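Chain nomenclature is as follows: A, B, C and D, assigned in order of appearance, with residue numbering initiated at 1 for each chain independently.
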């Protein structure tokens, strides 16, 4: 259970890090949308391993194949199945992990839950699973852009204590992609890269914060009560591996203000449109988008798999130590950027369709 | 849409702050559970308005009535409908809000979405909606307690900048309920109450952080991939009114540590049980509970409705000012405590049933 | 579980035949629809007991109350909760049924499933549960009529072996309502009433067939693969109490024809619209409506509760006999007519919204 | 939308008749179940084209590949993705169908709904889509058999007017598989084969009835109200291509009996188990299985695609005629048998898990 996301634009992902492959089935995509493997591949390439010196050296091209749902370059309205086969052969690196639980990884909990586990790589808990999300997110982005010009830009805001100054109103995807750490502030980017390289040399790992802005989101998206837009975004983000926290708008910092300081007062802009002077709400009020930029942040913990020796136990109940071999990211954030964008796009696209259905059908 | 929560233990809430009433339908509750209106009322009383000098003075007894699904004191396995009628007559206090949008409230977004809105009180966006959640949460707590001895305790951890020191391993509901602000640290509680009273006098409002611990949660709850336990908890919490952030375990602070510092190393306890030395994971790894305490935090913004004058616009497109009359909470946190507990209980109960279905049925 | 129906226009019913009441929560209703208790009451009155000499004499006014979701006569887009309280006091008639299982009723299976059962009346298995469906169906009908002029007319086609000749293209609700058995053919109606009265005198019961036509259904409703329109209609109809069969278009009779006889050949009508010469498809091809009339039939078995003595067992495992006391319908079909209409309306309304969402959003 | 089926044992199918392939993702399968491609292939071979002289001659091996969810021969509890690639190259046979609508086929309605269609073969409306269902059904059957010894046997009961006498209590899958028409009565089978061959020579097609029995189904499966077992089975069956009707137990014939004739009276068997003297209920009462054999029937219309010339229209709005070339089944029933079994297995397996969750978790 739990491998399906979305109510109308609905995706189901499948696959383990080792085995036949990973992929996604997208159900509910509007028909007649132009889409190609090449367009989807752009985001998959931003996610793939081995893309730079600060990511895992595992080499996978992650080339996607559209199995169904697209005909002569256009969506049919039927399920779009996208497959990425696993090229990497079963590695000796993982032999030790067949019986030693990696601390703060999913090894032990999968065993506790299922009594069985594909111990090669991370199995289903591997970040390879996010390939399906990123592929589906590329389709969602295209829909959102074509119906409302929505722009979704995520970027690394902080690595460890090193926080970058970024203007979310103007940041572009070109700025984000201009460096391998995906921080649009070039100075901070250089320092972040250095920090990550040091951690890598130390056989250690780092975490940080990804920020994401969605611009030109139409007013009215989001469903009270349980499917508030911020609730759906929170679930989407917190379903990504390694996340420990979520903020919308002012977030935790907003709790230290008084109401009169925090409230986003209204004014009318030059077009007579109701706007807010500030945007502490992060573009959502009462669970519904208000037309301002949606701004959110995701906390990613330092990668659990590290080369340093740690205390652990085996699946047969013995205490032992583990210094993980194998290839892993010293910091997941650069590759998490397209994942965050994808999850935000999936939520917004689903809610765009939901809003059309309920609130535009009688007109 | 969006008024239903849960996959197997599934609740649907209904009702506006003014009108016939508010309530919940619980579907999927196991049969033969002993439950009474009196038990449910305990949590409703912790949530109700007018309970102390630091909450809104609106007087509602919030007395619940079980309409269906319970027979001779036991659940039937059929839907449990619980109704709380609204006693409060339509108030003159809200007349101004029929056309002036309260800043950072849902007034404007509801109008943008639906083109219509019950402007008396908060309508559907009112925190009265949470009555149904709290009632259902009381049932969920009883199930969890009876099957596994699960204890769920939430409390006010911080008001504005004033953070209390609380030991989540030992905190009791009695300590929480020993004062009107629901902070189990008595010294901090006194200071918090003073802070809130001052804000009330200033016609202003305050926010803060609620922390919640769930103890004795069985291993194995939570479903990879999208329905990870922390993802479901994040959605549950972020669907509560006024929330701006969510953290599990180490949260945002955890992102400043290295992997070797952050990882929860394993050891075997005296019973040979696999345990973690630290609990930065917050009781969940790979989306699945590991048997340690589940610890989470929710950020609540300062109440949007305040007496101080603010700049706003009308629904006919004119700029104006608003100094909200009517009765409102200067700080929602004391009343948010049972709401947080309820949402955590609903998620855990749903996932307990889901886990039974998938992983215990072949045995 | 299982008390919710629909994906976008979604209803949840609750209540037992005895106890606080029965009702429904409608989620996903478009906003700004004019609706009143009086409009809903019309269909509830067609369903209610005691309406004629050939229905159960149980006296219930079944007066509905809208608790939420409607403001100043219009829907808010929020959940519409509708409640009908049970007036009838607990009857001595049911004492025997507390321990004797009525043959072909749900008594024994509820006990087997839940280990507990509200044995007063039918509990949750009572046809009183359909009050919520009929109320929600009235709202769905209004939406369908306002967006596309859809007309849904059900009627009694057959009682036992007595089949009426009815032209589904022209039959009106006025013709259906012109007699107490709800058969639009007056001659057959008289005979049917006589047949039912005889069964009543014999302490026995009768079954039959309800036919339903939906006219002016837009092309394009229905979702391949699992949610084909006929599949959703089949589930909707077969979820009504006492149903044993479902047919769409030619039904079982169609299986005796050859393909060349059965196929609905196409032609262009005077407006250049693609139409079919015949309508053996019943208005649906490949799971999707084709603009022709949707025609379906539902088989209702004879009422299980009868006054005649029958062989049965007790809940403590003894063989015994039962001659049911209490008030019951000698034939459910006259009261089933509005239930069938309601279920058809719920399916069509849900699929109308689904179609708008997927296929009209990019335009 | 509409490509997912089931609540806990949940499948999503994908694929068109031409293109990359067809397949299924199974989510919610219990872990540690032994399953192999070879076991699944058995049912796929019963479904595949070209298996005999009375099926379409299209040659596809329909060899399945498990992409994920199975490790060292056992299910992991993660999604099981199964893929069957399409071998058949794009055929010239379909060129005419690019613009001429086949009567009683889905061509015109897909165009009306989506404005686009993969006109090669049936596209998504092709019976090739059922490959995913049959593969998933094989897994469901294995679970049901291992937990409760459930046996599901479907067979051809009638072709056109030729009805076979079959004892549903004793019929075996070996008897069904002993001939190419899948009718367990050998004499009827011979006549049916002759009938189908004659229709084939006439460029025409035939329909009929498939009956299915499920034996040893545990008591208590099925969820009132909307998810009654017969309602779920009806949807499952009516979602298969070419179905026009569904019956449970006595079906339409049961409506001609009186209640005293129709009711299944209870008795205690030698083990003190509550049983019914007759089984007109078809193993289900009040939506819940009662432990008797579940018996249902599905009406399949004659294949829509025939060689005989028929009147039709083009997608550009001209009247024309069509004599379909290409390879098609003169009668779908022999290949429908494993499809019916699969759908019944999927419903029962889903409800088995649902029942465990709600009714066995507190124990």
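The working rule: a contact is a pair of C-beta atoms (placed from the backbone, for glycine too) under 8 Å apart; a residue touches a chain by one contact, two chains touch by 3 or more.
By chain, with names taken from UniProt: A, B, C, D = Chorismate synthase.
As the structure is a computational prediction, the values presented were derived from the model and not from experiment.
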item: Chain whose Cα centroid lies at the greatest distance from that of chain C (Chorismate synthase); value: A
item: Which of A-C and B-C has more C-beta pairs touching across its chains; value: B-C
item: Whole-Å gap between the CA centroids of chain B (Chorismate synthase) and chain C (Chorismate synthase); value: 39
item: Distance from the mean Cα position of chain C (Chorismate synthase) to that of chain A (Chorismate synthase), given in whole angstrom; value: 45
item: Numbers and ranges of chain B (Chorismate synthase) residues touching at least 2 other chains; value: 1-4, 7-8, 13, 28, 31-32, 77-78, 113-115, 124, 224, 354, 358-359
item: List of chain B (Chorismate synthase) residues in touch with chain C (Chorismate synthase) within their complex; value: 1-4, 8, 10, 12-16, 19-23, 25, 27-28, 31-32, 65-69, 71, 74-81, 83, 113-118, 123-124
item: Contact footprint of chain C (Chorismate synthase) on chain D (Chorismate synthase) as seen in their complex; value: 1-5, 7, 13, 101, 103-110, 112-115, 124-125, 129, 158, 160-161, 199, 202, 204-209, 219-220, 222-228, 230-239, 241, 243-252, 254-268, 272, 274, 276-277, 280-282, 284-291, 299-306, 308, 310-313, 317-319, 354-355, 358-359
item: Contact set on chain D (Chorismate synthase) toward chain B (Chorismate synthase) in their complex; value: 7-8, 28-33, 77-78, 143, 146-147, 224, 352-354, 356-362
